[in-house]
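Two complexes, one shared chain (chain A), two partners (chain B, chain C).
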Partner chain A sequence: MTQDPGKGVMINGEHRRVAEGTSIAQMIADIGLDPAKVAVERNLEIVPRSTFGEVMVEDGDEFEIVHFVGGG
Partner chain B sequence: MTDSWTVAGHTFRSRLIVGTGKYKDFEQNAAALEASGAEIVTVAVRRVNVSDPSKPVLQDYIDPKKVTYLPNTAGCFTADEAIRTLRLAREAGGWDLVKLEVLGEAKTLYPDMRETLKATEVLAKEGFKPMVYCVDDPIAAKQLEESGAVAVMPLGAPIGSGLGIQNRVTIRLIVEGAKVPVLVDAGVGAASDAAVAMELGCDGVLMNTAIAEAKDPVRMARAMKLAVEAGRDSYLAGRMAKRRYADPSSPLAGLI
Partner chain C sequence: MTFSDDELDRYARHIVLPQFGGAGQQRLKSSSVLLVGAGGIGAGALPSLAGAGVGRIHIVDDDQVDVSNLARQPLYRSEDVGRSKAELAARFAAERNPHIEIVAVDQRVDEDNAENLLSGHDLVIDGSDNFRTRLIVSDMAVKLGLPLVSGAAAQFQGQAALLTGQPCYRCFVGEAFDSDDCDNCAELGVLGALTGTMGHFAAMLAIRHLAGIGPSDAGTLHLFDGVRARWKAITLVADPACRACGTPG
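Showing the complex of A and B:
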């Protein structure tokens, strides 16, 4: 038996692997982000913050995780 | 005497909106904001740094509960990019009030009005309240208003140029024709430029570089606050008529 390879995903243009059965809330926590300060787009669709705990990460998902920075 | 303005149902006392880019650090940015008296700050939406998420962030220094964050679409060159950015911004912050800017080219950062109008329509249909950066064109401003812009924000001069209000005639025409607030966005360099914008009857002024790139940003922020207030009072007071020649202020009668 091989080890669980997990799911291959893209986060902000970087390849990452996450374990089977990881929710978006878990993925954000694993990166070390405060979910209250970010917004998440998954395969070009907004993921409402209220559903972070329910939405599971799927193989091949492409995520954009953004926040506010200084700007004019 | 209280003076306030209202955009999309939100009322503000300060008529100065300041950006949060180009500052030396967050401390200086927060100090300049304090000195400016602004109640709204513009912010950009960018990818988080997934490699180093522990870095300090803007919210640690400027509290979005105390100051209204106005998310922008800086760096977007198409309607689709701008709409995508603002959908994320709404989710990140929970606000419908946003600043739309769709740029036409990097050299001038002039707005692409075709894409801007397209984005304004879509955003308004989705429940956003877009305050829209635009050319200083009275017809374009009207079209934006018809498309759902809650404020029109013509440029005074190119973004970051500090050249001052280049076309007072068109800014005044926009003010006269608009039913929504008009704010000069971009081009202010010195406090006198902000006063000019307000004397033309604008509801407010938005600036970033003029404060952030001043030698003393905190002092310039204060100057801008005073200039906006002075310009507003000057507009409301109603200026004297212009004459072609002199008119003495002291009486001619009783001269020795």
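Showing the complex of A and C:
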């Protein structure tokens, strides 16, 4: 039986697997977050938010998902 | 610009710093800073700014002191409850440094008054308590070409960054918060020591920039995780599609 091995990534320090051909927007939604309300750092660089739908997750990517803090 | 004997004594620990010196002190004295918000972040930032001798500080806040502010806003005393924060904050600063000009602005920043409030300053520190205001302030700072230090805190998480045009604050948070989607301390809670930490750190970023200390830190977002007691710095990038600082078309 063959199975899509997907991509192995780290999200906020935890190992996860995501399906082949997953965009960053999809990955964020898959873990239950609203892509409009987080920033994403990928391999130590912030991903421009207008490209979340286009940038594909790659094997070995390390992500930090940052929630905005707006309090004063 | 010359310094009086009192100023030389007052700023002696700064002037003796090799990276700061008389030149850095003069740059601070000739600087004008707008402080948006006299809450937890503002209360952390203001004593450092005023004490350091930033020549002119305008403090904008339309709020009054609430008893629940006292745990994290040491500008105010118990008997100040109900009184204007901007005016009390201005008095606090004036009592601590007679050589600087302090102006209290008892207003809330909105689309209509932002240009007036920001114009004429050298740097803006935003310690307001909601994203809508933060985006208005950032968009206007980009339009006017003013450096912005954004300082924020909620629960145990702090974020602060110096932003000089590109990337801007809107590159970071995007479009989701232009509505009055308030991320405020009343709903979420916040540790007083955290707002103080982030407010002082915002003042640090501002003073570094104004006095010309060290390499530029523009575009670096500093995150403080108060649960783990760890700092982290990440590099923001300009979003080409950002409607504040992106390239039109």
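As a working rule, the second predicted complex is superposed on the first by the 67 of 72 C-alpha atoms of A that agree within 3 Å, B and C clash if a C-alpha of one lies under 4 Å from a C-alpha of the other, contacts with A are read in each partner's own complex, and residues count from 1 in each chain.
Here is the rule we use: contacts are C-beta pairs under 8 Å (C-beta built on N, C-alpha and C of every residue); 3 or more make two chains touch, one makes a residue touch a chain.
Please read these numbers as outputs of a predicted model, since none were measured by experiment.
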Taking the superposition as given, does A:I31 touch the first partner, chain B, the second, chain C, both, or neither?
-> first
Touching partner for A:I65 - first (chain B), second (chain C), both, neither | first
Partner contacting more residues of chain A (chain B vs chain C) | B
Considering only touches as defined above, state whether A:P48 meets chain B (first), chain C (second), both or neither.
-> both
Please indicate which partner A:A39 is in contact with in the superposed arrangement: first for chain B, second for chain C, both, or neither.
-> both
Both partners, chain B and chain C, contact chain A at residues 37, 39, 41, 44, 46-49, 64, 66-72
In the complex with chain C, residue positions of chain A that touch it | 34, 36-37, 39, 41, 44-51, 64, 66-72
Which part of chain C faces chain A closely enough to touch in the complex?
-> 37, 39-42, 127-131, 134, 151-154, 157-159, 171-177, 182-185, 188, 190, 195, 221, 223, 234-242
For the complex, which residues does chain B have touching chain A?
-> 19-23, 29, 42-48, 50-51, 53-54, 57-59, 64, 69, 71-72, 74, 84, 87-93, 159-160, 207-209
Would you mind writing out the residues of chain A in touch with chain B in their complex?
-> 11-14, 16, 31-33, 37-41, 44, 46-49, 64-72
